[in-house]
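Next up: the structures, one after another.
There are two complexes below, and they share chain A, which is joined by chain B in the first and by chain C in the second.
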Partner chain A sequence: MGNLYHNKTAQWIAYGVFFAVLAIIPLTVDDSFLLNQFATYGVYGMLALSISLCWGFGGILNLGQGIAFGLGAYGMAMTMQMQSQTESNPIPPFMLNNSLDHLPMLWQPFQSTGTGMVLAIAAPTLFCAVFGGIMFRARVSGPFFAIMTLAMLSAFYTIILDRQAYTGGVNGLTPPSAFQFAGVEIDPYSPTAYWVVFCFLMGATVVAKLITQSSFGLVTQAIRNDAERVRFLGYSVAGYETVIYTISGLIAAIAGCCWVMLVQYVSPAQLDVSFSLSMVIWAAIGGRLSLLGSIFGAFLIQGAQSYLGDTFLATWLLILGGFFILVVRFLPNGLASLLESGLGLLATKRPSPAAQSNGDAKPMPAE
Partner chain B sequence: MDVSSFLNALILGVSIASIWLIAALGLTIIYGAAGVINMAHGELIMLGAYSSYMLQFYLGVPYLLCIPASFVIVALVGLALERGLIRYLYHRPLDTLLATYGVSLVLMQGVRLIFGSDPKYLAVPEIFSSNVSLGFASISTFRLVILAVTALLVFALWLLFYKTRFGVQVRAVMQNKEMAASFGINAGRVYMLTFALGAGLAGVAGSLFGVLAIVLPTMGASYVVQAFLMVVVGGGSLAGSVAASGVTGELQSVFASFTNDTFARFIIFVLIVVFLRFRPQGLFAQAGARR
Partner chain C sequence: MPGLLEIHNLSKSFDATKVIDNFSLEVVEGTLCCLVGPNGAGKTTTLDLITGRIKPTGGKILFANEDITAKHEHVIARAGIGRKFQVPAVLRDLTVRQNLEVSYSRQTNPFWNLFKFRPAGLKTKLDEIATLAGLTGRLNERAGILSHGETQWLEIGMVLMQEPRLLLMDEPIAGMTEVEIEKTARIFKDLRKTATLIVVEHDMGFVREIADVVTVMHMGSLLAQGTIRQVEADPRVRDVYLGEQEAA
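Let's look at the complex of A and B:
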């Protein structure tokens, strides 16, 4: 018997248990505020998952995931804002304050909920595909790519801050009513909203897991380990990198939409450098090489921030920073690697007869 | 746009360039020599501002003496940082980026705990708070001080790197660490000293920025991305950073005179991304520079 951690069946069972636990939550929690909070953790989980896919499996450290998240969130917020505008009142109030007398071109597609939703998802994904394509084609990689994403993130942050008449500036957008989809209002504090996020999180996780197990996923992992060798074998490294980066961006864009649905708010703070870096922290602490570990990392850190944050309000960032340094220094693969070595220990201590007969276990003295 | 306001923008651009350059100097040295992406650089700048504030407020040290004192204090912090953490991570460049971000969180929150989140102010000699008129343009004296300090530091660094034995060692380690080590250069020591030097330069920048803006625990965050871009555009060499800051500072100032500061910064960011797409090695690539 090998390490249980690497057993695919065991991994799928772990996924099943994890999502079963998440599915029990709305049945047992009555507090609608708490349920809304749990749902936002689900969004953070999706972000950590997207980082894990891109960084853990693709080896592309993306410090600008806030771009995809933020653009998705803005698209969704614009859609929701337009849902509450009527014939007699066709322009969002903040535009009137900025002396715009007609709806700008940028906003017109968002008058239709369907088009708005598609744009909210497609625009960030397209951006990732184009930006990633350009960068990876130029063989920009490693820390250098991380800095480029940082620069791009800062660019988006400044432009959204600056174009106040179109984006609401530093105040952002606060759609006044809940999201309506196909005639149904999705109250952010209802179990329905939780289930929407749950389904997207589960869907994204399963898709990501299938990707990592496919031959495509194997090639991306090979690129992570040694891009040059993979290139010499005739694979299009840039192509693989662009695709994994784009999928990761797509997940983040969906997360952005879900987030606005839950909190009815978006501001440039969602494109702030520190938010994108906290996504990386979640994945790093949970374990970037494990999809489930990253999601767990997001739950752990955000949960701790909410609950310990009140007690250790002043020292929370100190604790987080210190913990993060320790993880990077001593546990580069995060908490999941603890589980991995723990299960590994179990596997070597009690080798099963099957493993011995396979011949890959060391000869054991007679017992 | 008339000629005089254009000239005015150009002069202001020199000043902006010197501010960006002094923020980027320490980072240039650390990235250029050791290949470390120091995300805590902004917080080292912030520490520089706070050490000047401390010296001035508690000990009554005159401002001009606070600048070198900040250099020493922050260099010691950098030294401790390198010995305690960074030196274990040289072979994992992405992890140095993450670990130093952790350091920046710790420093920021630590300072906030000690000094509170309310802004502090640095007092400067009367003469620095006036304006100098250059016929058609007027510029605050303190910006000229920053320009002078920056020029002085660049000259000193040039002397250090190209005219001393230590400089030869640093450049040797930069080009090929193993080869340098086999010629008897203690590469670990070189890394340690360059890191401390880079941190100290951040301290100097901090004590200057503390006057230019207010002293806050979060003040460093606004400089770090900009400083990185200067280093990356420059290619990690001293001359590169000087050129990159000069060009972007002027562009920022000229664009800002057409639109506004924020939009000008957006254009700069986009131009930098486009530029690096076609020239990832930066303006002046170094021989054997690591990526």
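Let's look at the complex of A and C:
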């Protein structure tokens, strides 16, 4: 009882501190390359957050989050590509190389930045709603759903690779200039770009946290525990699963847009199986039951990869794999559970009267 | 008075085996009907068919004059049928409080629930049910660590949180002490004022105490129906069920 880890107020304070630290970074970091790198970690944090929401809270293991991320990224890249096309030069160069003489239908909506951005977010979200709806209605769950997402991911990967004239094939898209929004250019190496990602990460995290605390979140956790039982309480399990899967996809799509804004590049590699698996590993190591833990997991792993990856080269993957096995074996709920048990020990050692007054602090299995 | 629940010529076969064979039943609103019969008579299967867990091969089920045959589980639950399972099914990873909260399923729409944090009326109802189930001191415990008896009470509490018009109780007193059985009988009799109950039970002493109507099932069909006195006097019932029990 009285474990600070489960105290809602303490949780919100932790969130506040976490984002305060992230907000200080651009004020202290002068190196624009480093700032850009930190911003990409923010994108990975968003992806880990989306996995935590779907897998940790909803119990839906999704090995194909790269679909939503990739589609969002392609939509954004197409929008940015079209921003640099002019009247005299209306077609992206790679299309000319593939002997297209006019802009294909698929690309036309992206001539408008507004429509392009809406599509970049809406298309992946709609995909999740439809695909999830079909799967969950048919009561596909657990490892079977994971396999379906993996298959879907591979299908998208193949299509994008194959339709070279429309997607740039293996080279992907490399919009030549930075993203322009409402007449303002967002330089990917500027603090502005960092702030954009920061705001989306914080917004997504706060919304995700509120979702887990809502009645919806409670039903979702009940479904994770025993979907069969929840049906007899009157809840449509398929409906809840579809909604949480779609919200998770929406966050990943936003992450995809942010990512392209930062790196001005997208290729089928973003829909590669290994990248989607990395997202799951971030959440697993950080602690999939904790939103903040998952984001931290992404920072930790990607940070380590950036700095140790160069030193160890190929052995880095072995180190990462070994670390993953260790965590899964000894900390099945990730690094966050270390904090949970630590604070739990503290609470049992000093049974303070404050713990009494804290009757509302429930041992939510989440956070 | 018309039946709140009407089952007409219900049948269910698994491959060639007829588990429920042309079974009909009418339960009048505000009564407590006990469903008894030897093992394998099809009592739990009947509950599965009513709640939509399995689909019948023939026949019709009407609830409050609406056809609920082969509807989805959640649709039937929303119509006002709550169920307690034979093997107590609570959400073991959640706390007792969360179990009760999630069962308070007045609003089932996922989109609405995204914006709901404290459903109106939840607290009063939760306090009332927790007191009734004797779980007030255990609200913050994980449901998985409860004893068998407490788990039974929690699931009964969950069904009550749903505020259903019809409660299906599958062996509610298994694993309870004498005192708890008496309490259950009292609660069930009380519930009759506002709801209708179908109780599957083997304990004839308990059935004698609570039942308005007793329905005896045998080999998937209706063997006898009536007051406990009528049923106990029926020679066929003595033959297949009660006699068997006394011999055991």
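Criterion: the second predicted complex is superposed on the first by the 351 of 367 C-alpha atoms of A that agree within 3 Å, B and C clash if a C-alpha of one lies under 4 Å from a C-alpha of the other, contacts with A are read in each partner's own complex, and residues count from 1 in each chain.
Operating definition for what follows: contacts are C-beta pairs under 8 Å (C-beta built on N, C-alpha and C of every residue); 3 or more make two chains touch, one makes a residue touch a chain.
Computed from a predicted model, the values in this text were never measured in an experiment.
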| item | value |
| --- | --- |
| Clash or fit, chain B versus chain C on superposed chain A | fit |
| Contacts of A:I67 with chain B and chain C, given as first, second, both or neither | neither |
| Touched partner set for A:F324, first chain B, second chain C, both or neither | first |
| Contacts of A:S214 with chain B and chain C, given as first, second, both or neither | second |
| Contacts of A:L271 with chain B and chain C, given as first, second, both or neither | neither |
| Chain A: partner with more touched residues, chain B or chain C | B |
| Contacts of A:V43 with chain B and chain C, given as first, second, both or neither | neither |
| Chain B versus chain C as contact partner of A:G234, first or second or both or neither | second |
| From chain A, separation angle of chain B and chain C (C-alpha centres, steps of 10 degrees) | 80 |
| Gap in Å between nearest CA atoms once chain C and chain B share a frame through chain A | 13 |
| On chain A, positions contacted by chain B and by chain C | none |
| Sites on chain C touched by chain A in the complex | 51, 53, 72-74, 77-78, 82-83, 85, 89-95, 97-98, 101-103, 105, 107-111, 113-117, 119, 140, 142, 158, 162 |
| Residues of chain B that touch chain A when the two form their complex | 37, 85, 88-89, 92-95, 97-99, 101-106, 108-110, 112-113, 221, 225, 228-229, 232, 260, 262-263, 265-266, 269-270, 272-273, 276-278, 280, 291 |
| List of chain A residues in touch with chain C within their complex | 1, 211, 213-216, 218-219, 221-222, 224-226, 228-237, 239-240, 243, 359, 362-365 |
| Of chain A, residues touching chain B in the complex | 61, 134-135, 138-144, 146-148, 150-152, 154-155, 158-159, 161-162, 273-274, 277, 280-281, 284, 314-318, 320-322, 324-325, 328-329, 332 |
